[in-house]
Amino acid sequence: GDVLVFAAASLKTALDQVAADWREETGKQVTISYAGSSSLARQIEQGAPADLFISASSEWMDYLQSADLITAGTRRDLLGNRLVMVAHGVEVARIELDAGTDLAGMLGDERLAMALVDSVPAGVYGKQALMSLGQWDAVSSKVAQTDNVRAALALVSSGEAPLGIVYASDAVADAGVSVVAVFAQESHAPIIYPAAVTANSTSVDAQAFLEALSGPGAAEVFRAQGFEPLVGQGDG
Amino acid sequence: MSLSVRFAHRFDGFALDVAFEAPSGVTALFGRSGSGKTTVVNAVAGLLRPDNGHLQLDETVLFDAERKISVPVHQRRLGYVFQEGRLFPHLSVRQNLLYGRWFAACGVGADFDHVVEMLGIGDLLQRQPGRLSGGEKQRVAIGRALLANPRLLLMDEPLAALDEERKAEILPYLERLRVETDVPVLYVSHSMAEVARLATTLVLMDAGRVIRSGPAADMLSDPENVPALGVRAAGASLNATVAAQEEDGLTRLQASAGPLFLPRVDAPPGTRLSIRILAQDVILSRARPEGLSALNMLPVTVTAVRLGDGPGAIIQLQAGEDLMLARITRRSALALQLEPGTECFAIIKSVAVAQSDVGGAW
Amino acid sequence: MLSLKVSFWATLLSLPLGVAVAYLLARYEFWGKQALNGLVHLPLILPPVVTGYLLLLTFGRRGAVGAFLEQAFGLVFAFRWTGAALAAAVMAFPLMVRAIRLAIEAVDPKLEQAASTLGASRPWVFATVTLPLILPGVIAGAILAFAKAMGEFGATITFVSNIPGQTQTLPSAIYSFLQVPGGDAKAMQLVLIAVAIALLALVLSEWLGRAVARRIAGS
Amino acid sequence: MLSLKVSFWATLLSLPLGVAVAYLLARYEFWGKQALNGLVHLPLILPPVVTGYLLLLTFGRRGAVGAFLEQAFGLVFAFRWTGAALAAAVMAFPLMVRAIRLAIEAVDPKLEQAASTLGASRPWVFATVTLPLILPGVIAGAILAFAKAMGEFGATITFVSNIPGQTQTLPSAIYSFLQVPGGDAKAMQLVLIAVAIALLALVLSEWLGRAVARRIAGS
Amino acid sequence: MSLSVRFAHRFDGFALDVAFEAPSGVTALFGRSGSGKTTVVNAVAGLLRPDNGHLQLDETVLFDAERKISVPVHQRRLGYVFQEGRLFPHLSVRQNLLYGRWFAACGVGADFDHVVEMLGIGDLLQRQPGRLSGGEKQRVAIGRALLANPRLLLMDEPLAALDEERKAEILPYLERLRVETDVPVLYVSHSMAEVARLATTLVLMDAGRVIRSGPAADMLSDPENVPALGVRAAGASLNATVAAQEEDGLTRLQASAGPLFLPRVDAPPGTRLSIRILAQDVILSRARPEGLSALNMLPVTVTAVRLGDGPGAIIQLQAGEDLMLARITRRSALALQLEPGTECFAIIKSVAVAQSDVGGAW
């Protein structure tokens, strides 16, 4: 292919669409390898032939940047996302989430599904949000952690857990859950999907595809999948 | 008890079709290697399901192809001594011996200590079978079958791996079993001496068929059977009663034709014994010879002369109430002018009668 | 440690079923044999996540079997260590069955025949002859299963998620550490612990298997 | 299909080594035997991610062995399908070795002795007696390895990533679909394909193993 | 070629310590079950590494504990017939037979077709061993060893599973092997008849030790050995030359003491044969008896009288240039007043000399 992209797995649907559109437009082939951000970053560290890296969190991008493995000046914050609380069932009544909400009581002896709260970004953000709402101490013992957001969603979707905290983009397509609350942006660190051209990229088209990702056509696709395009908010 | 066997079975390249009756006592299957003896025993045991036929032990139908009856192996209450041992490698000799006991309907059965002593395996009880010699394995296998308290004993060349002395110790035991219990025994052997000693019934097999069968005494003394049995195995049994134990170590017996002296037979006076005399051990004389080292001379009458194709001849003799066979050269038969009705003397060396040819009660 | 407990019970409880299935596959011909064989191997073929997901659908509280078990026996798998054990057992099952089946196929049927002539019915033959002879194979199967259970995590975390102190096994802890930059050192520490435990079990089982085999060979 | 190719080569190429290691473990006592045994089982115990990571560190372009192999033989594992095969082979290796080892241990050494009295040296004894007798075990080992390789994904995706057409195996494709909303249906389709292939291989191997066993039993 | 054996080994519960020489020809190991015969053979084969000792075949040291020499099994060029067959289950009968050929240094070796025919396994060549009968397996095992073109033959009860007829077919072949090649054969057997027929050297074992060893002819005709060999096995060999084939199927031979008539011996006039005559088949008479069916009467002189504890006596006789043994009852020995120097006649029935007792050249 002309461009090899290493991207966080949660972007698959949207990125596949954007890549297809771009190929129609330019005739250039984009190949995308989806995996966990941590795996991808380590592979790039070990000399993977990736041209472009799109991470699900800033951490792993920072990690590569500090090792000079991305081309200076190409890093930009591509997308944002929102953190939501989902409940099992269709059209469940919304919950007012604030310090006074008895979240623990609502759970009873059931579980709150989240991604790993110390390592997987969605889990980390969720924990921050619950802490800022003063809920963490009450519910921490009732959290069921999974290795990725999708598994947490599956727990709610199958009814195994009544509530879960996932990305808005995840909640979009699952008919078995309803979004009952959206966490305030300020309640957790910003959810950002940064992108950058890697340092040893040999592709002349990498920069062009990165531009296309920031373009309006791509923005529409991303938005449809529940992401928030952050065009022009990059740091470089 | 009595076992009735009738079945047919095909392997590719070999077809078996047999029928015979095995009354209580020992029924010997005799035949060349590959003639189907083991296959017959396996069918009786239930390890082989014949294509068709019928097996019955007394009133119990063990197998019937048409009525689709086949009693499971473990309910047939067998003691099977396999041609190849088949000891359980993970159990000690003692555990092997007692294996059948776990399942045996409680009953008197063979006595453990007695069997162990007879088989000479007392020192081996704690060993694993992997550390036994060939003959030791076979002895344990015999013990295992005897101790299972069986209703039917199947023995496939049980003594082939054993030396003569050990055989001589085990044979009387099997004989006693034959006499004291009415467990039918199917006994496969290549050794005519064993067969002649033990068998009450003899089944001759060849190429998957029974060529002759019947009571062993009749079969063995019938000159017609000599070719099938092999000339060196032919012979007949005299019935005799122990008369006295003489002090030079001989035992005097009384047969219907006269006295017989044999090396010490351990039986009290009055015991009735059956003594097998091989045709080739008998010398005939027209006159009563003098000054011979042979002690036994019985007056006999020739009842049949059968000249073979070869240099030999089989002479059937009436010795008192019993029949005897003598195998001599054709030349001697002609020289002595033997024909039915001729009176002569049968000379038998005392030492030619092996201990293993002196059988139990008749 | 939880991982140990989970692996131990997963191995122990699946062992009888493993032996039974292996025996069935090794010694009988029946309708659907290939289907059963396939089913047993399924967890090996499927990505663990899928297996975990299927477990969730079946044994979860809302799952058909799960709901029944909860009602009937009060047995709950979801979010309990029992669920982790179930997931580990399912994942390890193919390995266990294969090992035991190979062992059964190596047992000389002539010995089993000999036992049956001595009056042992099929179950007794199995208990007194087949089972002792396949013991080394059973041990090998168990150790494979135990090792696999110790290392299993994909299906487990999907099925029962990761509740520290209840369902967090060693592998999922290791996974967590690997998800954050700089967690490598911590992860490697845990890896060493896991390896140490598993190796210990391995050496133990080797030794046990050898002892059994030596007993059988009688040398 | 790439997955097939990867699994096939992974199985085929690791088979000789698997037989060799199994033979070593089954028939010899040597210093470091337990260490070798442990090493072989390691991929089973470690979470696949860790195995993949260790592979990346060793066989990656910057890894010690990887760099050497590239220089010396032009053999590159990193981010090629060969790497996927390597990962699959490593993950499947313990299963293969165990199965073969069990088969070897079941061969009666008395037959090998008989062969040596007839003039066969050790390698010949192995080739003409041991190997034919363990064939069912080898087939079982190979099929386990193949199934595992078809299902393997944790180590693969960590080691060689998930590049469509180059290193994307069926399971990693399944994984990608499972990571996004609405991908389940697609994922299930792929699962069915994987299962079908693996089952086919399974049935084939059963049949093959049976034929070999029947030939040996001669019945 | 000649094999020298000297070694000691301990199992727990059994200690072995043996030393003997096996010159070319057949060396028979004879002893009770469990006396250590198989263990000796295994040590010679290299399958057992003795605790200490020395094994040498001609100039080649096969094993030396002190010099830490042990030639690997596969380089010893053996043909080993195991007590339990050990056929390769995955190879057909033909492939089993030819297995040794793959490795044999090219050389003349036994002829395939000939061995197959002798063993009667022509029909089985395509079979797998799992589908053979016990005796068929053993025959294939014998063929496999013979065809390996060995420098040393080890046979552990090779004929035990076979019927008499088959034995009678195989024995002459083994005998020919003994005569025509100088491959030493270590032969384990329980059957004195086999041993007497084949053995050039006899090694008597008991409880892990060699109790006597030496040339078979001397050992068998020594009255002192009778207890060890068993009374029924004692006997000696007469050397005789075939004189004529007579038309009634008998063969006339000339021994140094006189003529001997035997059932047809297939050998041209002039052939020198060794004929084993069992002590128990000999009858003694002071006078030359008349009118007897026995054809052979040799004038002999008593050289030794050995009265046993039991009812029997062993008489050693000088028959021309040969020694003979006669086993009679003690009572007859006294009645006939036999003592060294007594002249008398030995009566031997023609048919009592089995085909298997007529051996090859001397």
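All chains are identified by letter, namely A, B, C, D and E, in their written order; residue positions are counted from 1 within each chain.
Criterion: a contact is a pair of C-beta atoms (placed from the backbone, for glycine too) under 8 Å apart; a residue touches a chain by one contact, two chains touch by 3 or more.
Bear in mind that the values here come from a model prediction, so they are computed numbers and not experimental data.
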* Structure fact -> Common contacts of chain C and chain D, by label, are A
* Among the chains, which one keeps its Cα centre farthest from the Cα centre of chain B? -> A
* Between chain A and chain E, centroid-to-centroid distance (C-alpha), Å -> 90
* **Inter-chain centre distance, chain C versus chain E - centres from mean C-alpha coordinates, in Å** => 59
* To do: Return the distance between the CA-based centres of chain A and chain C, expressed in whole Å.
  => 36
* Asked: Which residues does chain B have that touch at least 2 chains other than itself?
  -> 84, 127, 131
* Asked: Which residues belonging to chain C are in contact with no fewer than two other chains?
  -> 49, 53, 153-154, 172, 175, 178
* For chain A, residues contacting two or more additional chains -> none
* Structure fact -> Those chain pairs meeting the touch criterion are A-C, A-D, B-C, B-E, C-D, D-E
* **Residues of chain C defined as touching chain B within the complex** => 110-111, 113-122, 124-125, 128-129, 132-133, 215-219
* Footprint of chain D on chain A - complex, ascending -> 4, 6, 9-13, 31-35, 39-40, 42-43, 46-50, 148, 150, 153, 169-174, 225
* **Touching residues on chain D, where the partner in the complex is chain C** => 34, 37-38, 41-42, 44-50, 53, 94-95, 98-99, 101-103, 105-106, 136-137, 140, 144, 147-148, 150-151, 153-154, 171, 174-175, 178, 187, 191, 194-195, 198-199, 202-203, 206, 213
* Structure fact -> In the complex, the residues of chain B that touch chain C are 45-47, 72-80, 82, 84, 86, 88-91, 99-100, 102-104, 127-131, 144-145, 148, 154
* Within their complex, state which residues of chain E touch chain B. => 11, 13, 31-34, 37-39, 83-84, 123, 127, 131, 133-136, 139, 156-157, 160-166, 190, 192, 230-233, 248-250, 261, 263-264, 280-281, 283-287, 289-295, 310-312, 326-333, 336, 347, 349-352, 354
